[in-house]
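Note that the chains are named A, B, C, D and E in the order they appear, and that numbering of residues resets to 1 at the start of each chain.
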């Protein structure tokens, strides 16, 4: 009799919107090539994904959380409180972060230092912190184009912002000696770092709480804007965007994979080990995701813009063996 | 104000259809549960009816007369608890129908109103067809066993309210598209269609021409053979013509209540006389 | 499931006919002798037949799985449970297997007795089930198989009893109500009491929702305040979350943005909506009205992302180029003004359509009274109709305001994401709601104050709007006028 | 009684035609007032037109799609290496194995037809949609006899090629674009001239499920439409009756006391609760507590019901209040019970307002994404949801995972491929049609009930 | 139907305040612009007024009498174009005020109605305070220069409408909370507060007791010294008492229009006589 309730038979995934495109490509291919139903992939951010993931064990919780950052200790603790003790961490690749401007404008060759000088709220000048006086990129560095500074950076809810703050702004602050100058002025190191990363609030740097399409629209509407994008997003919009180099390196999959291009972040998904063997297709999905066919250099993920993990083989082993985190 | 001994004259209590004792009505009294004395003392409360005792006998037409604003309509609404529907209107005292207290919590006002029908002072037809206006009562009370029966009741009621000829061709037209007098008669038809035991009519002929008035008076006379009728009127002539009992209200008090002939020929209260002869208003 | 309900419904229908019939018969066929209309007697019986039965059915359906689950869990060998980490997941497997057997029996793969005697040595169960499209997560263990078999037995027993109890109850209700039916029974009153009960239940849903909302946010709000000082939250003038910790999460700038943007939105929506309502109700011909009203209503149904893009691409740059820059008020294309205006457009139908209906409901006699005194239409509208329609209009405007407070997409795209305390309407600002959504769906650590602040924001906004609503209620009470 | 007669002296005789100063002033203000009204309606309609034009302009092309037809040889050695036509064996060949087959056939056919192009196999294959191998694979697995045959098929072309025929992609942009080459476009153009490449109406947009970001050409609204439909059914079936019932109680029956005030304030407050908070509530109550399925339209519908209720209640109460008391009194005076007077007279008269509230509430519910975020409906779902879920751990009705139209709009606007812009607008068109159908019914009803008294 | 020659008797045309010629009114006529003949032929259209000619003289009280539903109110509304506000109500013919066609497109109905005031058959106080009800007209017409002036106008109007004593203590109470007769007098006060040149009163005394009626009649008489008054009434006595001219309507037609004394003593049409003596209705 069909009246008896049956158990869930599809894999349920939730989390980061950065991972989402990759997860959907995998889910789609998985559904096409296996007898299991296509997994449901929810977006909603790493935070929500992990929150749902950590809500407990059972059919009514998600099996996999996508995340554009590694899980934090406090989150692991919450997970454990709720009975989610066995987690498999899968790092499947990297997301390159690129700086792109309108294709019709001049092209840019940045260094991290330029970005710090352009966007910092205050700069140390002659032993004093002064409000950032730079208006044009040429004020920052003479050989940059004479174009007003207008940056569209991810809002503070985006994981990308964290990378941007640390790898670009803070790094730039160090590179151009501002950090040292601030410490010289008597700030302690934490305060100085914080001062480095504080962005100006006079409308030159615009936080984007939406997604890359919003950044794209703003760049298009503004004309002078430089936007911060994911590599994959840029790769799909090369007809309207031109990418800037960072420290002389053009952001390509190879440059990022080799670590030459400095701004990128790892992408993860987390498997609830307790659901393995219970939710049909969960193991198969995970294996499929990290298989060479999919996540390898020539797989569809790379074609879409994912920087394949150079250590993919290890990841495959972790998934195949169900190696838990911390082991 | 104790003219009530007269009310009893000639009829024993159990012949009485309705009895009201010590009825007070207040408007704008706010929350329920205040004592009559408290409300009477409150300046902001309108004390519309003051200690009124009235008996409505079976098969009798009782007329309420009195100057405008003296509380006739208010008292009429006491008799079928229509005042319940007015915000801030509070009533104290006792009213019985066939010996049963109509304000008893166990009494269903709905059933009460089915027995004590009402024609309002301002005609208020439903925004529905003329037919549906009249058929509404019979429908909710299940008075007709089938469609033909219902049509029959509707026709009879309209005929008795002397409006059939004017509307027979447009029974499906909206009741709100009638002239003032027609609406009034429609409301009378609507009320009698449910055959109540007591019919309260608040100035049923105010918008009617003499002939229509005569027809409605005839109807009232006919209704009396089976029911009690209470009628509010401003026309002394009408009161004299149709009623057997007359109550004269003044400033919320019942000044005199007696046989109509007595009231109009030999009133015992000087105020009654002044009113009838047109001296106070 | 469905057939059980149909049977109960059938009994209800039968009860209706029987009750009606008995009532009519008790009055000797003369419906006039009945206390209530015959339908009410019928409905009365129907209610007594169906309501208890359906209630019990519902409760049973909720409780039976719990009971069976517990029973089966209890019967699983303790050492087996000990070696798995989670009994709930074992039960998931058990249930999956049991329902897999159900499908298998349906398809003729097994018969019921066969299932009862299966054992694991026959380790093809997983493959066999896979063959008919039932996917199992893992191979079947002895314990799970036994549990699944027991599960099926219990389920069948439970179901049988359920049917017996439910049908018995329905029949009993029917019989009882039927026997009680007579011409003096106050059928209408009981039916109406039942309806009133339903009405009351419906209106308490609002309370339940509120309780649910508060409860579902309370826990995390508490967690937030344990991590972040409440003074800084309520009185902080800065909103600057950061991943590294040391965030400043002040409510004030967000609240200011919310109020400012909603205010501008209302400044657009209320007059336009009200004038549109007035025009449609009082001036426009029936034809114009019947076209214009639904058209304007479409505005309420366009997804807000469309408005957001409209704000971002069209309105924002326009306002910047033609107002902000010439007036020297900054050169941000995202601004309070942009979001406010675009949101205002979205809110027009909230004000216009509701107000139009209310205005239309004002009796014609009031208009006549005014025209008869030589008033123009506009005077009539302003001095007679609007006052009469005021409570409804205020309700409509409040609804629009509510909507403005709760809107996200238009603000994100139109007003930007920067929290700022500024008077300049051409500056970018943001709202509480945007930050609730943002922090909740971002990439922050979900147990950090940066994420938990969403709950505190939600709860705070809830309390604030509650206070505003209380004020509104008091004000509206004062102006409530009744006509006729 | 006669007071000293002291009215203002009779106004001097004035012609009806010559308006005096005051009257003309009043008339001017009347005209102004009317003009404001007209302008207000005008602004509303103008805004609608502008929005519609932009939606239609962007989205109509989503209903067309570009296909290529050529003879496809289903070679046995690649698709069924063992040659025994066992579906289990054949399934081992994944979609990645099918792509070369498609590409080789295409290459061979071009050569046979003598069509010049300067592309290698990879570049040629990249013209085809990634969806194509999956479709062919499904076709072959369903009918293994096809193997070895050459069949004429119509195959989806990639999103960029499609964009070329819709004007989104040009030769210039293609030069800069990494995902398409000028050569591909030239070939597509040649084939289009020959009639082998056609751009035609695309039902699949409405029926197919969503597709991943790498194949915009195959993304459809099927699942979203079903999801929205289910949710709207839930909302309509629950919110309208509950809302009307609650309003009737509060407006007609409730005694005026603290509790009623509390409920009243509560309801207007619920209207101001940001919709995502309803998502939080739904997650806590329906998924975690009542254990309904996540991502299911049932939960979505319930959440949207709670969200829509205040709107319907506020509108309904306002219009109930607008019914003149004389109507109620007339009914009560005839011996109708309060319940009867409400249901027979007051409710029909309040119907226009109720329907308006319903229209607006449903419109809001239909376009809402935020609350669905937390209950898992903002998701990528490829399986069509059944009305009665076959795998649900609780209430099975509408328990399968699904998305909704606004969710699809929202996700598509986030995708990186510009081809999704068109699809998002197309989805909005479908959503509006959905809305119009719902509204049309309500509007017809509303017209029947509208009357002045 | 051509009794109109009588209408002219005794008054020359330019003494006439208002003149109606060949007025026809139809209800439910749908779209504007249909010809009178067309509408008259249409079964679904109510032909409420048929070719009526009436003259309203200055400083005269004209009474309209006739059975309920004969078209009195309809014709009254023709005189200040209140029919414009009724959906589907169409009027043909010519009406002039001081020789000017009131239906001319150039005429502003607002100005017309300021000159031709109206008291409706069903009292319709605004849901405002009693004071604001009366002050409404003076305010919109700018008749008062300051607050005291306005209060003065309000008081005078209420006094003249014989309701001041009853409401003077509750001027801020809502007008809708008055008794039926009080509302009627409030509406009269409201209408006279704007001092119109012609005052149309539709059964102004229907809900009033004899004393209040007498007071209103006195008011009408007083108004006549400066304005024209048209009054619809069902009371022959009242018509005889207050009016100088009487028009008798029957089934939408004007049967007879003449000096009141003539009509009541020596009617020329047999129908008039039957009506007055109470034989047709």
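By definition in this document, contacts are C-beta pairs under 8 Å (C-beta built on N, C-alpha and C of every residue); 3 or more make two chains touch, one makes a residue touch a chain.
Heads up on the chains, UniProt names are B, E = Phosphate ABC transporter ATP-binding protein PstB; C = Phosphate transport system permease protein; D = Phosphate transport system permease protein PstA.
Quick caveat: nothing in here was measured; it's all calculated off a predicted structure.
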Partner chains shared by subunit B and subunit C (touch criterion as defined above): D, E
Interface with more contacting C-beta pairs, comparing A-D to B-D: A-D
Geometric centre: closest chain by C-alpha means: C
Chain at maximum distance from subunit C, centres defined as averaged CA atoms: E
Geometric centre distance via CA averages, subunit D-subunit B, whole Å: 58
Separation of mean Cα positions, subunit B and subunit A [Å, integer]: 81
Distance from subunit E to subunit D - Cα centre to Cα centre, in angstrom: 58
Separation of mean Cα positions, subunit C and subunit A [Å, integer]: 34
Multi-partner residues of subunit B (each touching 2 or more other chains): 108, 110-111, 122, 140-141
Set of subunit C residues in contact with two or more other chains: 1, 92, 95, 188, 309, 364, 376, 379, 440-441, 482-484
Interface hub residues of subunit D, defined as touching at least two other chains: 26-27, 30, 325-326, 337, 349, 373-374, 393, 396, 413, 452-453
Chain pairs in mutual contact under the definition given at the outset: A-C, A-D, B-C, B-D, B-E, C-D, C-E, D-E
Touch list for subunit B against partner subunit C, complex: 108, 110-111, 140-143, 145
Residues of subunit C that touch subunit B when the two form their complex: 30-32, 34-38, 186, 188-189
Subunit E - residues contacting subunit C, complex: 80, 82, 85, 109-115, 117-120, 122, 124-128, 136-137, 140-141, 174, 176, 187, 190-191, 194, 196
For the subunit E and subunit B complex, residues of the former touching the latter: 27-28, 46, 65-69, 71, 73-74, 121-123, 162, 166, 170, 177-182, 185, 202-203, 206-215, 234, 236, 275, 278-281
Subunit C - residues contacting subunit E, complex: 364-376, 379, 383-384, 387-388, 481-484
